[in-house]
Amino acid sequence: MKPDEFIDYQALFSEIAIAVQTIDDIGAVASYIPELLEVDPNKFGIHLTTIDNQNYSFGDSNEKFSIQSISKVLALTLAFELEDENLWNRVGVEPSGTAFNSLVQLEYEKGIPRNPFINAGALVICDILVSRLKNPKHDFVEFVRMISANPNINYCSRIAESEKLTGFKNAALINLMKSYGNIENDIETVLDFYFNLCSLEMTCMELAHEFLFLAYGGVNPATDHKVVTAVRTKRINAIMQLCGFYDEAGEFSFKVGLPGKSGVGGGIIAIHPEKFSIAVWSPRLNKKGNSYKGMKVLEFITTRTKSSIF
Amino acid sequence: MKPDEFIDYQALFSEIAIAVQTIDDIGAVASYIPELLEVDPNKFGIHLTTIDNQNYSFGDSNEKFSIQSISKVLALTLAFELEDENLWNRVGVEPSGTAFNSLVQLEYEKGIPRNPFINAGALVICDILVSRLKNPKHDFVEFVRMISANPNINYCSRIAESEKLTGFKNAALINLMKSYGNIENDIETVLDFYFNLCSLEMTCMELAHEFLFLAYGGVNPATDHKVVTAVRTKRINAIMQLCGFYDEAGEFSFKVGLPGKSGVGGGIIAIHPEKFSIAVWSPRLNKKGNSYKGMKVLEFITTRTKSSIF
Amino acid sequence: MKPDEFIDYQALFSEIAIAVQTIDDIGAVASYIPELLEVDPNKFGIHLTTIDNQNYSFGDSNEKFSIQSISKVLALTLAFELEDENLWNRVGVEPSGTAFNSLVQLEYEKGIPRNPFINAGALVICDILVSRLKNPKHDFVEFVRMISANPNINYCSRIAESEKLTGFKNAALINLMKSYGNIENDIETVLDFYFNLCSLEMTCMELAHEFLFLAYGGVNPATDHKVVTAVRTKRINAIMQLCGFYDEAGEFSFKVGLPGKSGVGGGIIAIHPEKFSIAVWSPRLNKKGNSYKGMKVLEFITTRTKSSIF
Amino acid sequence: MKPDEFIDYQALFSEIAIAVQTIDDIGAVASYIPELLEVDPNKFGIHLTTIDNQNYSFGDSNEKFSIQSISKVLALTLAFELEDENLWNRVGVEPSGTAFNSLVQLEYEKGIPRNPFINAGALVICDILVSRLKNPKHDFVEFVRMISANPNINYCSRIAESEKLTGFKNAALINLMKSYGNIENDIETVLDFYFNLCSLEMTCMELAHEFLFLAYGGVNPATDHKVVTAVRTKRINAIMQLCGFYDEAGEFSFKVGLPGKSGVGGGIIAIHPEKFSIAVWSPRLNKKGNSYKGMKVLEFITTRTKSSIF
């Protein structure tokens, strides 16, 4: 009944290689950001890295993709360090219970978004970073690079521009919050920062390394760099567990049982505290906007390894 | 950064004894069920039991109280065993994102409640048990007793009657679901079963023992009785984590970091998988309907012992 | 630009006889009340009666049908007489802006229905009549008969029973309002009265005569019987104009331009103050639940006669 | 029971002069547009003009004020002429049933506003005018001037600028509609036109004359200039009746019984078809955003003259 003390990841990844073939991927690539449609929808990559630096890869795990909303976790991490508990005066920690960019709840709750991972909440986080950072875009990407000691991480300006041209719903959200006094900075500036944030690109391997600090009490075990305190680490993981998958957080907790975060680029990161981080990428999304195959594979892995946190 | 391998629970409970004094309890006893107002609002009890049968108590831990919604977890456990995955055709696993008995979402989602712990969802679970059990009230309490080998657990008919007289919102919920075809049985019968379910009484000690199977892969370690499979155990814990505290599930995950469930009688149960279960009772509730002092004490304990699952 | 002083109703009705043929009726008979499905969906009747007792009929105008929600206007009329302005403490006068039996708004507004013509509002009116009348069902039908000096008007118990068996949404509404303290009487009693109210049967001719008092300042011109004051007459007409057609009140005002009320039995009554009342019956309903052909014919008539009140 | 054929307006206005004194005005000036706070809140003016050119004034009836949302009726009139029935593909004719700039319903109904008088609907109308007019701001004010042959009507750029600085909720609305494809033009251009539209200034006398065409089948009786067809006139009046007072349209229909439109500057215009138009101005607003004293005075007048259309 206890989880196996020893997990044979090598054998597991061999099984995944086979399992992936059998999944009939009925998802569809996100269409609302034109540039994302350029990506080959059949890409599939996965990378797992343990806190003692074992690494397992499969498929297109060394190919860059747009991590999109996954970067909201990194923005939250930095804003939490800068604002401490004051952060929660401007954004909540509760699941949203509705689609990922609904205005209804925001209006009902007077401009305070339910959590930092719905678009409205991420926009508030961006507003905080724009206020706090001297050179927001530059400083933020430097923070991201430092976490995993990886200078090769960058924004994709083509993607950022593409989102800006169609981002009317985000513009509606930020204007609504500004009307309630929950946005300090100029709207164009915050939106520009937000669209760049979402355009960050990583490979599965880079993504897994980038998020390993959340499996190790806030410290990157590879570099001993302390990103956040242990207490904040737990809280970030808790928010991912409850709010990381839009209106499918319950489903993910139920079937995968790890804190995680998805992006419309088809990426998913998941964390097993004290054990590992795992990144998957498969562009076709299910109806709730999460990678169809990515969720299936993670369910396969955690069922196989009994590695749910529950 | 790792949790202490050894937790000195005895020292911890001595600290709790002091900490409890210092909490200025600003909560208020639930008023909508007249009988609950009879309870002394200053009661406080706590009991922790580990999977290797260590037991720690403090305060009024041997006094019976109305566990109310906490019993929804037990009803779910039995219904899950009886229906298997078919269960999820009639109730979801997503957080509700709104107050605990709101009709809005239910109407929007055509009579399918978001999860088994909001009132609507628990009513569907009750409908299933009424369909499946020969003698529902009798069979259910027998199931509850068997879990912890405790024949002293019982309904409180006075509380059940009191709820029935004021339960118009629950009657609205079940009628609405019946209009959508998601209730099979006679409404009065299901409501009667539901109000009895919520009237179950336990002491903190009994409650902790009753729920220990969720910390031990579905098996009661004291009796080796297998209540549910390990997979279902994880899923029940996951649902508690995401939906166990009405519109405060995020707050509880964030601050306490354990799967748990509260009741308007002032009780809370929380589970640390592979380690312990802990029951707290303090009747005054915060604005979201969860025990004010109970949440504070659990936050104190998990911060102290670093025992969050995240 | 002025409406014609003289309207040649006879010629008009000849035209209607032709126009009715050309309407391709794409509506569907209400299916949620089983008994209503028994009615021949191709029935069509119309009757116009002027305040100086000219009468014009066409089609099945002497056949009884279930007037359903149209009777809510009569219930309001009596409750307004009995309660005077106190009535408006328990029900509003604003359009509902959503489907006709939505619970959302009711919950948002703490159990006060938006107006007396949505189901929730009519249930409050019924609760008032149950409180005020000695023998509610008997006294109410006597009031209805007296208005048009017509002893042949009656309930249809078959229809009332049919609705009772499927009326779970109405049961949800009344329970919700009772939870907010806006229902005084026993729920079963009020629902029984409500379902009987909705089961009233009239022919088009009877219906037009019954409502003529609203075109003549509250007095039935045929009998000189004063039903309500002139001020209340205007107010009842105003509420019909704004709330008489569920979520299509705007469309009806826009195209027909008269105060009116529809029922799911396919009937519509409309009033031209100082001129006439007109009743139409055609069972097939449009998507908003109003008689498809009935609305078309009334639009034809008011366009032809320029008899909009606007 | 019939309305008096002859109304002694002179006597009526003498009575009004007295009645106005006795009203305890508990309203508050609109605060969200800073410039509106500059206005003396105790101003009161009223002007009635009949279709046969009788004129009755009282108080500050020759002082210009910001007519705000009242100008939405004029924008609708022009857009209706330009688009004909196609207009209704982009905006509805139903009452909104919620506060005047709520995003909820707009999101629920996929970017189609409920009617042309809520802010969202007026923004769609503005988008149409921006598409259709060569020089929108200039052409529109020329249209307004032509209606009443009054070259002295103008925008107030100070007010328009003031609104622009705080108009985040309108920016949210228009971005949301653009995300649904219901806005054709550049957002900044449409908002600029909208804020100018709302900044139009008139005196009560000018306002009554400007709207007299709606009491005379679409023709200004003073100049014989045909503004719109008789059919459209009725439809515009119908929309005013159902949607002219935000969430208080029922109350206004109920108590005043005339089609009308209010603005947050404290102005109200009301129309008695075939008889007169009447403009009132009193800056203090009730909780629904309509002139407190203005509504009281209009209720007094229509009760006195029995001039409800119902």
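Going by the order they are written in, the chains are A, B, C and D; count residues from 1 in each one.
As a working rule, contacts are C-beta pairs under 8 Å (C-beta built on N, C-alpha and C of every residue); 3 or more make two chains touch, one makes a residue touch a chain.
Everything quoted here is computed from the prediction, not taken from an experiment.
Novice: Measuring between Cα centroids, which chain is at the maximum distance from subunit D?
Specialist: The most remote chain is B.
Novice: For subunit A versus subunit C, what separation do you get between their C-alpha means, in angstrom?
Specialist: Going by mean C-alpha positions, subunit A sits 55 Å from subunit C.
Novice: Using CA atom averages as chain centres, what separation in Å is found between subunit C and subunit D?
Specialist: 31
Novice: When you check subunit C against every other chain, which residues touch at least two of them?
Specialist: If we look for residues of subunit C contacting two or more partner chains, we find none.
Novice: Taking touching chains as linked, do they make an open path (line), a single closed cycle (ring), a hub with spokes (star), an all-linked set (complete), or other?
Specialist: Its topology is that of a ring.
Novice: Mind listing each pair of touching chains for me?
Specialist: A-B, A-D, B-C, C-D
Novice: Once bound in the complex, which stretches of subunit A touch subunit B?
Specialist: By the definition above, subunit A touches subunit B via 1-2, 92-98, 105, 114-115, 216-219, 230-231, 233-235, 237-239, 241-243, 247-251, 253-254, 257, 259, 273-274, 303, 306, 308-310.
Novice: Residue numbers of subunit B touching subunit C in their complex, please.
Specialist: Going by the criterion above, the answer is residues 102-104, 107-108, 166, 168-169, 171-173, 175-176, 178-179, 187.
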